[in-house]
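Two complexes are shown next, each including subunit A; its partner changes from subunit B in the first to subunit C in the second.
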Partner chain A sequence: MNSAWLDIVVRTLLGSTLVMAQAIMLNWLRVPFAAITLFAGIAAYATVAGVTPVIVILFVVTVGFLVLVRPLPRDRYLLLSLASLALARSIAGSLRGYGGELGMATSTTWIAAQVPKSAMPYAIALFLSAFLVLLLLRHSEMGLAVDVARAAGTEMHAASMSPTGILTAIMLALVAVLASLTGAVQGAYTGWIDPNLFRIDYAITLLVATLVIGRMPVRGTLLAMSFFLFPDLFSQFFGYDHTVSAHLREIFWGAAIIFLAGRTGSPVRGEA
Partner chain B sequence: MTDNPLKPKWEICADGACKRYGENVLFRNLHFCLSPGRAVRIDGWNGSGKTQLLYALCGLVAIDAGRITIKEETTAALLGSPYVRDKICRFIPASPSGLTHLSVGEFFHVVSRSLRPYSLVPRSRAAKQTFARFRPMLEEATGRVLDPRMRVSELSIGQQKRLMLSATVYCENPPNVLAIDEPLAALDAGGVRTTIRILQEARGRGMALAIAEHQTQIEAIGFDETITMPFGIQCKEVNPQSEKVEAVTPLPINLWGGLTLRNVDAGYPGCRVFCEHFELGPSEVAHLSGENGSGKTGLLKALLGIAPAALIGGLQFGGNSMIDLSKAMQRAEVRYMSQSRDSFSSLSVADAMRVASSSNAACDPVLLESIASIDKNKRVSDLSSGNLALLSLAQTLAVSPRLAILDEPFANVDGANVVKMAAMIAHARQEFGTAFLIVEHGKMDWTGMAHYKVELEGNRTRLRRES
Partner chain C sequence: MRGAYYLPIALGFALVARHGRYLPLWLPECGMVSSYTAYFLLERADMPALLAVVVALIFGSACALVLHFALFAGHIARNEPFAALLRSIGVIVLLDNVAGLLTGGYSLAFTRFPLPSNHGPIVLGGGILLTVILWAWVNHTREGLGYRSVSANRELAIQYGLQVSRIDFLVVFGGGLLCSLGGLANGIRYGLTAGMMSTTGLKAVAVVVAAGQENLLTVAIGVLLVGILESLCQGSIRFSAFEPGISYGVLAVGLAGRYLLSPWWVRRNMRKRWRADNPVPEVAG
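Up next is the complex of A and B:
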């Protein structure tokens, strides 16, 4: 397999991992969390800023999101998660030591930049971890408890049948770890970090994919992978400009969401 | 020092409990204790705070003043988390909606508390094993054969209620106290008998009961104490049985042609009702009765075209043949009041009425007068279930529909509100010529009313006219 194909695979695996991680919060716990790229972006800066300060920041951000789950209404929580991206982007842009608005190159000893083979083991491990979590949520007794915790958002009596707070904390911590590790690998593999890691439109793109995959582990994972594969495959086979393909992907998925949301028993309505 | 043998093993006591909603006091200075085998009835009008008191007992809402304490031999601490407190005090809602997406086995697994400690074992296997041990008791309680893989939503509301109650009572580690909201609402006669038997059994096993219920049959339990909620909506004392509802002169059939069903087979897959002939003209009322789970709600949803319920056969509405009534619903000729009554729950009462009337025309003054006792600035989701029923009926009738389909409209409703709702129905029949198709377990008697019953005949469930 040539390097171009390996590059597609690595990026697909990392993107899918982020989508699956976000699905744990959004589709499983029904927490309107749309800032998975915040964790990934902050962790990407660890490649140049050092691990310790980034872990502290990630911990503070995780606790902040956790504390606000219960008091904030769903729509405000969603806005908060998007606003935090805008804030992070501005802060990153103002950090001259890290390249400011233009960003800077990264260099790590564990992954060689733009060398897919060096990033592949990490990408596979993270992808499989996220997939395993989804499988466990779907089929284990723990997943049943998460199911009940999700209902507790709208049904008061369900709150007494599942340790909602503890489960939310565990899930958010898990998501933060998965997203952060994925972000660090992405930062090291691309060899560049800049404030665009916190772009809201990128977060919206992942949000769309998250909504589509629902709560079906296998089908959802395949859908997430196809989401990231499509533009590259399209470019490879039809020779289209990569950016145009990405737009076509958005059109395709937009239509798919409208179709799925309109159907009873769809992943969006019936599962999420 | 020796233990006092007369001292109960545990006790849950409310000492001067007070709860407000905005500026209104729901209850104040409440004192009572629940100990093993003790039964307390919580009585009061819709909106008087009965459910809030049950929530407070189970730690699901905080009280504003006073204390609710749990004194137990082993656990002296006040249990703050509802989940931890659930071991001691379980809230059983009027309808277990929210968990109905689970399979019956999973539902029992969750309710029976065998979910703890959470593990990574397959949920289906764990649920199946737990369910298998209690299957006979659950099947007896629900009155039907249960498959652990079937969804709870496939059961009728009455069966869901009995499943939740029996799962809580018969499981290996039942809670000490059951705080139950409207256990008899929406139950058929057999369901009422079964529920009362289960509650008596629970008491016999040493559980304490705190029950909010409007129906008088609940007295069969033999309560030790009745707590009357002092506040809430002040209504005149009425007996719905003795209240006379204005007589209605049926309007001529050619006003809108009526609803006719011929050789119709309708309902959910696997629970269908056959109807050879059914006719309902303007201003007429048809009362559908039948056991819980016989397919009444499925029949209504099939008529309305709400999937997965479906209808096959001849349906005529207003003289036109139709597949179902969904088009008529869109034209506001038909309105449906469901058991969940969850429409416009995020709006205020005033806005919900405005939206329901779906036109610039002012809402009918009689309907507005009927809901005058409800605070118009309150959110619909914050209403008590009885007041929600009153509002839902007003919303249903706000567009002067030709046909109103009501599913258990009087469940959870107190006597005063039953009378108001009856007056609204009489008004709509008289003024708008609205016909009513009503599913209700309680006894109903209206001028010119036809009674239909859904029952099993041979191997087929049929809708048959009784009178």
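Up next is the complex of A and C:
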């Protein structure tokens, strides 16, 4: 397999991991969380800023999102999670020590930048971890508790049967860890960090993918992978420009969200 | 002056958001539809400028009506704000990418529509005038009373015989027209890009959500202040990175004030009042 294909595989695995991690909050727990790239972006800065300060920031951000779950209405929470990306982008852009708005190169000893083979083991491990979490949520007793906690948002009786707050905290911590590790690997693999890691339009793209994959571990994982594979495969096989393929992908998935959000019992409507 | 370009979008959004009790994130996209329509009519079809602008504004508003009645009216009737928000995101993604595909991802600019040198004061004056007219319409007219009634309780308004469908039509058309106007003004001033309204629109939305969609005057003042702050940041090398984040900072502070601090403040005051009304009796001895 040549280097270009390995690069596609690494990017697909890392992107799919982020989507699956976000699905744990949004699809399983019904918390309208759309800022998975915030955790990934902050962790990517760990490749130049060091681990300890980044862990402290990630902890504060996680606690902040956790505290806001209950008081904020769901649409406001979603909007705030997107807004947090814009704020993070501004703050990252103002950090002159880390390249400001232009960003800076990263250098790590554990992954060589732009060398897919060095990032592959980490990408596979993270992807399998996310997949395992989804499988456990589907088939374990804890998964059942999460299902009850999700129902607690609308059903009074369900609220008394599951410790919603604790489950939300556990899941958010898990998601934060998964997303942070993925972000760190992404930062080390691309070899560059800049405030564009916190782009709102990328977060919206991931949100669309998250909504479509629903709560089916296997089907959802395959869908998430196809989402990231499509532009590259389409351009390789049909000679299309990569950007055009990405536009086509997002038109298709945007239409899917519009359709699914209006259908009773659909995965998206189920989140609403 | 930058805030003046956000103003029509914020007003249109606030009008429709209050009416439907949801966040119509899709509405600013009508501004993009309107801008691109004006561009193709002016630059490609060589239509006279005034006619092209009028057709583009009507097309943008018609687009708002079609999207509202086809996709969002049901969510409003069933009171599903979150499902409507998700659908809004789907509409934004779809329209932005269709525009990106049609233009090959390139930015466009109006060449046959030169800006007058005093465009800033004109847009600012127009924006303030629009705010005052809209505020007066909502708060001091018979139609405005109908609008407020439907916004407050849709079911009750229907039972009392208000013409809800007519109000729906007027509000969405008005909101769409304002966003089309804002989109066109932004397009003429800053050029056309596929995601032009998703970024600008979100900034306006952030201020509306922070200020509260029912307070049109507060929304207008907030949007203008955000514009001033953005210009100040852009003018300073040290703070230029904060320019895109100002409106979202306002959103975060507004939401924290409304949903976190406000209940605490209310509870504290209620407790104080209760204690004043119910003094603890002194125990003898």
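Criterion: the second predicted complex is superposed on the first by the 259 of 272 C-alpha atoms of A that agree within 3 Å, B and C clash if a C-alpha of one lies under 4 Å from a C-alpha of the other, contacts with A are read in each partner's own complex, and residues count from 1 in each chain.
Convention: contacts are C-beta pairs under 8 Å (C-beta built on N, C-alpha and C of every residue); 3 or more make two chains touch, one makes a residue touch a chain.
Note that the coordinates shown come from a computational prediction; the quantities given were computed from them, not determined experimentally.
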Subunit B and subunit C placed together on subunit A: clash or fit? clash
So, does A:32 touch the first partner subunit B, the second partner subunit C, both, or neither? second
The answer to whether subunit B or subunit C touches more of subunit A is C
Item to check | Touched partner set for A:94, first subunit B, second subunit C, both or neither | outcome: second
A:78 contacts which: subunit B (first), subunit C (second), both, neither? second
Please work out whether A:204 is in contact with subunit B alone, subunit C alone, both, or neither, and reply first, second, both or neither.
second
Subunit A partner, complex, touching residues on subunit B are 55, 58-61, 81-83, 85-86, 90-93, 96-99, 101-102, 106, 109-111, 113, 115, 118-124, 126-127, 307-308
Residue positions on subunit A within touch of subunit C in the complex are 32, 68, 71-76, 78-80, 82-84, 86-87, 89-94, 100-101, 195, 200-201, 204-205, 207-208, 211, 243-244, 247-248, 250-251, 253-258, 261-262, 268-269, 271-272
Listed in rising order, the residues of subunit A that touch subunit B in the complex are 136, 139-145, 147-148, 151-152, 154-165, 264
Subunit C residues touching subunit A in their complex are 22-23, 71, 74, 80-87, 89-94, 96-98, 100-101, 105, 195, 198-199, 202, 205-206, 209, 238-249, 251-252, 255, 259-260, 263
